[in-house]
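Here you go, one structure.
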């Protein structure tokens, strides 16, 4: 970066000013996942983005899953997976592994990284303070897999008001027949539901694609902005398809719950969050609530 | 319990009143461990004690380890342990397991149990908010085993002021050469250091013995009260020996740090905490600071 | 009580836990009267109950009258009473005695007893902070006897927020033609009106009977629970009759004002309040609001 | 007052301004007694003075006794007094009367009068919140007559911070052998001790004389200002004698406790408090702490 | 004033008491102008009135213009005025002078005078904290003359809550085409709009006449009280005419915005504000909102 | 700036992160003056810097003078200056001009500019809230020129706690013989004294030179860092000379008062403040307190 003059540096900071002014005091929920969790350089960049956001007064909530690490641990313990209609069945032993990896390993590692970089963070799960209450999925019996029924943000408020960054792993507190048990939940949906419950300004989903592509084979066909109302049309046209469908559904949940904008960004680019938030063009697709 | 009349019930409650009045608004740190963590009935009783303490206005902090569960997980993953002078060496892979089991399994399970019983709890580790900062042990190289250097109670204050019970697993945030790494620490010492840092009224250590016994073979030889100053005499006389030495050392750390009383109680008795706190005789050994 | 083991003691405390959890932070208004005010042992038990309630986080308000002590003082001063349709007429001189006995003797005595037992209390009357504003009764001219027209709970809020127990004597601040004069009011009604105004969870009326009896001659015919809507039926059936009518009317006032439950308990039993609040069966009749 | 023009009225208000500015936010303790309690017009004037003080931001505490009313009640009940060395012995029955008259009659009457005049007041005694803790007098056994040992101002702080005027009757909460019993105390001393404990700016003692007179027979010989250090000289010279001795002793207690000025004023003049506080000459004797 | 006895002084203060009680905690906006700004004695009297109001707990806001001083400065700088339909056109250079005189001279002088008299004040303009946002007048192009479009009272709240008196000069923050420029505004209207926005109890306009006169030539024909609804009738009858029209229009704006009473008082009388507020007859015309 | 990629932009922001983390919650006092006040582009850049500082959580205080504008106004009004030993004598008429220009023109213009750029600001002088109390200079009679004797930061605390940027003009509130009069003070010294009184982290003086130059003719001889203790040596060596002497004296005042660092920066460079604060090399000379 030595080629950038101090003048230019000042210019860049000033250029970010209106965005900073816009987001100050607002809440942004970031779903952290995919390649950005695996690659050390990307990981470092995400942590820096989160701390910078927090420094400029954005109340930042980080939600994460941890698929690959769970895979690795299941393999290490020799646990064989059972599949139901092609979906993994989460039995009690598997749930134990899931919880240990998410809450005990991934969550604490991210928390430690933020603090190593000078931030103040606290690692939580949906169990803590009953932040996320869930029941087993009704559509299909996949074992200890839950659907979020209630979000209790009081613990988040406590943490955010103490100027601490909450890092949340996607494990819920079971209610009903599973009262007090841990249930595995989808991290994207957890982020979307939390964003809605806390009245977030933005939901940012980190993915391993550029965003919504008009032509899935052409990375240059990125749709930069889309109205929430257009999502259904894009689905019908097959432009939103496969893995992009649950992503946009999550955005829909958040926007429906009052979130202003949802962003699907490319986690493979370093500082994608910062660029999406603090520059004019951004790097992914933003979905507007239309309100 | 049907044999106890309502009159007697009222009497019991009233009998507890002066103790409740004494401890209101004070902080009590409980080290939870041993059999009380393995037996489901004992576990339930500990949780009830903790909630009752919290209900009558005692700021209650629960610190736990989880030896047996770590053992089990190490076995399951086929991890073989290396020993140094008879002490287990904690290599990186082992530390990973330790952290996962403590922070991801035991910690969240206790947190969930408290909430299932109607309390509000949050599961933390020494990593969160850099509550416990540690460096590797200097006396002997045991790998990722740490000595606590600094306790930052700000996160505990935040949690306790929100009337939430903090449940803390004995994993520390590494500083110095291990900046940001997790270090395994002794849960008794963690509890003692936290009790001192937070200005607790009491430290309660749950063990699997009756307390300090004058004759280790005679459970009726329990020493009910001892002055801190007498600990050294009892050590010299061999009355405090073997496993009781580190326990009393922890009490010493807490009392030295300003804690008023330390209690070594028998976790094998249901509701041992409650009985120690709210009845005249108590169930274990109390060590007085002498201040 | 030496026959109750520590184990049983712990059991009793834990048994009370769900009730404590339920009532924490809620307000309970207790009308203290009858035999429980005359017998020293009963008096002590009431004070202990009140302090225990306060200790477990229940905002407790004590309202009292003092008929027998007023009688005694009237006799001592040689004041002869005039009766109107069988009801005592409260002339200015009588009112003076009433006020002195209630505010100066009974009220301060209860306040002192609570403090002697380790609580913090403050003795108030309806005059203080214009807590109870009343006009002379309109139905019949009984002299300085008032009907409560307005309850100003600001002084109660101040006192309760300072964690102090308010003890209130049933004397009101006169308005209208008697602006600034003291008026004698019914203590049961005062308690009911205060309970409604402060949004209490419960109103507890201490009486000298078991509760509502299906057969007034049979103490075993106690009706343990009754819906507010059933009160009229019971009155029509003559089951609620004589002295029980004004008691249930007071409950009705409180329930109508939003109080959740009203209890008519037997003040002749020691710790009747505690037993009613913290055990399964209770000791008297509870009247449910049905909301 | 029709002869005073609006111009003159404005002038008077403006003239009071520097005094108001000086006393804002400060605490003034007024001992109310003597003729000013007996004469209705004087009573009204005192109440108005107190409310005005409170209105201009002076934290005003009113302490009162009630000798004549106690006399009257003792006579009415036919209670005969026993004397010890010429001092009345307060037996239990007498103490009952004292407490009833002070706390139940005089205190509530003053409280009601303040509220009738538009202020907000609360009637307290030394029993409430254990404001005044006392032991029996040691010099001479006069029965239930106490010496103040400790002042707990927390209840006063609560009341003053709620912008309510505390009216305090001179009855204390007994400690030691008389734990929980009421003890009769001297109202002047109570006012002085409260003034010292609360860090008052001023103590104002209402008396039935002009102040300290150089020649007790000449009302024009009023000493307007005296240094605390001069009190002893004036005593030795016999200028301070008889009933003035305990009054100046009270002033001495208050000044010794940090109060800035003590005033001995003539309660027989309407609005004596106001004139002493808000005019240049004042009406009585002011005693300066000399600090 | 030596002819007024201390007794009479007390009487005057007590006489003012009910008014003080009425206005405590309420907000009063005073438009300061006319002769009262030119004459040193009158100026001093206004300052005293403002401080006294503030001392007795009235939240006082002072709004001022400064015509004569602007005139003088324009003359001194040799600036010649252009007129449009008989109204002065405020070009950029004139606006500069206006702003300097109002914000830099008059405003700071008043602020200093209040502080010299022992009050605490802060000088503001409509620019500060964007208190007054305005656009250029639309009816007629008079240059930098604005119409208030929005009042942002947050800065006033901050200042008043710190018990500081805000002194406001009638210069607004331009929006729209004049974003960030200063605009000259009418001080009476500024006071009326601020009074409405802040929910003031009263608006007091200082003028150089007695108030609304039934016969403009007869100072004794003062209309002391008028309902807002009657203003139109009085206009139609020609009783409100000429310079009184904009004054009553301002009152109308304030009353329409929820202010309870507006007062048109004679600034030529010393302490006119005090007399209007704290005496029975007052000195000018009060206009009642009729709500 | 189009040549800077988004990646580079992110890099610049991240690069600024540690500086932002360091300064968050700290106070920085900026003396704004010289060319940066005359050139519109520089002015805009300063405003942006101030808002960015405020946005990232730095409590920013702006102090300004306004020499050239005062000159211009004096000329415009035809006021001729008298000189005493080569220094301008500030007579009353001149002081009037000074105050009008500083408080009425420059101050409000800066305030408006900050708000136009999206910040929230309030324009103050040393008169407001008696922020700066001064007496006439004693060394030499220069008329209404003052020396600061006391800084009362309560008004600054109020403003900063409301997240508003205070803009302060260098006019003081006179005390002593000039009680209530305005006195002209040096803006650099005002900034230094305010920085010390408020416990600022930094004082930043904007000048029209590069900083302290080892060789005043060689702009490349900039001394980047100097210890406070070295200032005297540099003076003796003649390296600090002429106009740099009062500048470094101001820094000395601030550092002596507890400020951590003082910066002399080149206001002719756009965004000099930002570059000094948020980049490694900075642009001027920093003087370290050595504590």
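For clarity, chains are labelled A, B, C, D, E and F in written order, and residue numbers in each chain start from 1.
We adopt the following convention: a contact is a pair of C-beta atoms (placed from the backbone, for glycine too) under 8 Å apart; a residue touches a chain by one contact, two chains touch by 3 or more.
If you're wondering where the values come from, they're calculated on a predicted model, not measured in any experiment.
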{"item": "Angle (degrees, nearest 5) of the CA superposition of subunit A onto subunit E", "value": "120"}
{"item": "Repeat of interface A-F, chosen from D-E, A-B or C-D - more than half of residue-number contact pairs shared", "value": "D-E"}
{"item": "Chain separated most widely from subunit C, comparing mean CA positions", "value": "F"}
{"item": "Subunit C-subunit E separation of Cα centroids, rounded to whole Å", "value": "56"}
{"item": "Cα-centroid distance, subunit B relative to subunit E, in whole angstrom", "value": "68"}
{"item": "Whole-Å gap between the CA centroids of subunit B and subunit C", "value": "44"}
{"item": "Of all residues in subunit B, the ones touching two or more other chains", "value": "none"}
{"item": "Touch-based graph of the chains, sorted into line, ring, star, complete or other", "value": "ring"}
{"item": "Order of the ring members, counted from subunit D so that subunit E is second", "value": "D, E, F, A, B, C"}
{"item": "Touch list for subunit B against partner subunit C, complex", "value": "1, 4, 6-18, 20-21, 24, 45, 48-49, 51-52, 55-57, 118, 269-271, 274-275, 278-279, 281, 283"}
{"item": "For the subunit D and subunit C complex, residues of the former touching the latter", "value": "73, 76-78, 96, 99-105, 107-108, 111-113, 115-116, 120-125, 127-130, 154-155, 158-159, 162, 164, 171, 173, 179-182"}
